[in-house]
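Multiple structures are listed underneath, in structure tokens.
Paired with chain B in one complex and with chain C in the other, chain A is shared by the two complexes that follow.
Right, the complex of A and B next:
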């Protein structure tokens, strides 16, 4: 008879003690590892969100000021960026209607006379603002055949003199306030474009020389990375 | 009562005697129970350990990816800023050069002649390879 058969009870107790101890150890280590992984994963998700929203702030600001002219199209006052937010462009057509100005139009959205004004480039190289009184879709004009452009007739006030092209825009503003990056159209309310979490007291927008805009964004959330972001943007006009 | 037709308990006792008489008691070889349990526990520990290591590896990879994404964002913002600056003031800067930043080295080549192709490249310390942006400096500022 083997020794296992002689004393199975003693070995069973030893097995139980060893197995129980190891099981407790495994459970404890697994629990600790799960808690640590959860914490790290939460920080990574928060960091990814911060990067995503910072990218949004950068993309929006750089796009908005790139086609504008510092001082004329946008200005920073009291930490707020007030600007002509360009939403599209129109090129004068080869043939013109009897009344109005025929243009081939494309942009982020269609022009809206209730919201938009127009900045008209004349043949003399000057840019002049005008109000968009009426716009109608049209056919039959000889316009540039470019994908995405559609022909329209615009009635502007004042009527443009020898217009070549135009940018249509809405009045808007951006600011870093109340823990978020915010936008308002006209004199409306400030709507958040990001989630809360921006340390608004430490974040700012600042105009630099030669048509530059400097942004300094600090996040409150303790993430796995440094919560401060700085960059400069430049207007091309 | 006769003995051959006794009570039910007596009948069952006889049946047990007969049954054990028909089927001789087998002797199974003793199981190595202690060894088998330890092996199972070790396997369980290894499986759990591999799982934890796998999850930790994924988390570490996510953290590295996050750092890399931030480096890419910084690089893009810097190169975009440089390109916009060069386009805003064509011909105003040095044709080619290099500048060291806190996170890497920026190198550029911007021909003075308007309309020529220009490029800027940034070697971020946390990226495996430099990122290059090509752009065109227009004849005059603001020209499309």
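Right, the complex of A and C next:
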């Protein structure tokens, strides 16, 4: 009888215990590694989402107040930013129609008389608001050719005196409330622009001196980075 | 017997005995790989977003910088015509693989729209627009509604205030009746010898722009006029032009300014202005306070004063739109685009598809 034939019988229990212990160890280490990596990955993903959404808040707010003037175009009341949300511009065409104002228009979207009003620049250098009563696309006017601009005829109320250029805008508002950054058009409902997770009690928008806007955004889930973001923005003059 | 033992020892393992640890390890690796992939995708997304934000910021800064550069470097009258095609003001490459351009759209005689655009490699083109005021001498002159605009004019018995040859040629000055804008505004005795001060934006300030309260020339306010002056008499002083027949450009002063020699040009004074005896001045006179013309003094051009205009014996103000026009043309420092005060950057202007 060989040595190999007898050997395994005597060590079966010990081998089982050692094997079980080793297996337990391996499983535990693997579990720990998996859990740790899962935690890290979750934090990275959560942090990425926080960065994305904070970047969104920053981009939206800075873009919205960039072309406005504090007090006239936007104001912070009770933590809400109420503003003229500019959506595009127009300039007067070289030839004008018999009625209305021929204007070349470009913007993030086309003007909408149901939503938009107009701020008109006159030849005297003054900006005056007017209601957009009607707009029609036209091809019969000679407008300076600028890529992206299309010709329209606007009927405004009151009719502008010597109009030169215009901005069209909708009334809107932004707020940090109910765990999200929200926007509303006119007096409509507040729609979330971000996912939830903003600590609305500690986050705020604030008008600062000299026409600036300060944003303070705190996230509930801290993630791998500091959960608090502060920045100031100013309109471009 | 030995054969039996060998057979037992080397018998093939049953399927369950082949080692599920390997399977477990592979499963664990799969889970770990999945988690790592999720993290890598998130990190990659951040990288892409950061790169895009960088490109957007670069293009935006380039477009804004292009407009600012054109404003800083452009001198002389505009090339664009009202309602005409856009004129390219600048075009340069961005780092060898991008392009930056600025176009001028002339919207009105003195109002322009500068459109700056930039695109560097990788997309995210950006456009910005700014409303610009660019002085046109004829428009400035056409804004005068009288030879002397002032709240009060006091003239001695032998003083003369003339408004009958506003557009006519004078010695050394060509006629300007061929300029349609001036012919419409000033031809045929439309402009009287005396009149009150015009309303903003010709003169004075609207609510919200106090820098124009005392002195202005179009949308040049007091501080801009001081910065652009060819001759600065801030704090007051005496001007004695070295060359009576030469254009002095823009002369700016504050306090009490006295002119003791004959000359020509644009006189802009935040304070009071006095012309000495027998001094002749050709051009445009703007003062926030009183203007005094001593005995035998002569102003050929147009006068606008926030205070009283006092003409002594034999003093003459000979109304000439052409003299004022030539003075403005000769003041080269004024022939430049500036941003319209107040709201000048307008938008949003989406990138246009060429």
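Quick notes on this structure:
To be clear about the criterion, the second predicted complex is superposed on the first by the 212 of 237 C-alpha atoms of A that agree within 3 Å, B and C clash if a C-alpha of one lies under 4 Å from a C-alpha of the other, contacts with A are read in each partner's own complex, and residues count from 1 in each chain.
In the analysis below, contacts are C-beta pairs under 8 Å (C-beta built on N, C-alpha and C of every residue); 3 or more make two chains touch, one makes a residue touch a chain.
These numbers come from a predicted model, not from an experiment.
After overlaying the two complexes on the shared chain, residue contacts for A:204 are found with neither chain B nor chain C. In the superposition on chain A, A:26 contacts both chain B and chain C. Contact comparison for chain A: of chain B and chain C, C touches the greater number of residues.
Judged by the touch definition given at the top, the superposed model places A:55 against both chain B and chain C. After overlaying the two complexes on the shared chain, residue contacts for A:12 are found with chain B alone; chain C is out of touch.
Once the two complexes are overlaid on the shared chain, A:37 sits against chain B and chain C alike. In the superposition on chain A, contact of A:190 is made with neither chain B nor chain C.
Residues 1-2, 4-5, 23, 26, 30, 33, 37, 40-41, 44, 47-48, 51, 55, 66, 69, 236-237 of chain A touch chain B in one complex and chain C in the other. Across the complex, chain B meets chain A through its residues 30-34, 37-38, 41, 44-45, 48, 52, 55-56, 59, 62-63, 66-67, 69-70, 73-74, 77-78, 80-81, 84-85, 87-89, 141-142. Residues of chain C touching chain A in their complex: 1-2, 5-6, 8-9, 21, 24-25, 28, 31-32, 35-36, 38-39, 42-43, 45-46, 49, 53, 64, 82-86, 103, 105, 107-111, 113, 115, 127, 129, 131, 133, 201, 206, 219, 340-354. Those residues of chain A that touch chain C in the complex are listed here as 1-2, 4-5, 23, 26-27, 30, 33-34, 37-38, 40-41, 44-45, 47-48, 51-52, 55, 63, 66-67, 69, 86-89, 91-95, 106-108, 121, 123-127, 142, 144-149, 162, 164-165, 167, 236-237. Residues 1-2, 4-5, 8, 11-12, 14-15, 18-19, 22-23, 26, 29-30, 33, 37, 40-41, 44, 47-48, 51, 54-55, 58, 62, 66, 69, 210-212, 224-225, 231-237 of chain A are the ones touching chain B in the complex.
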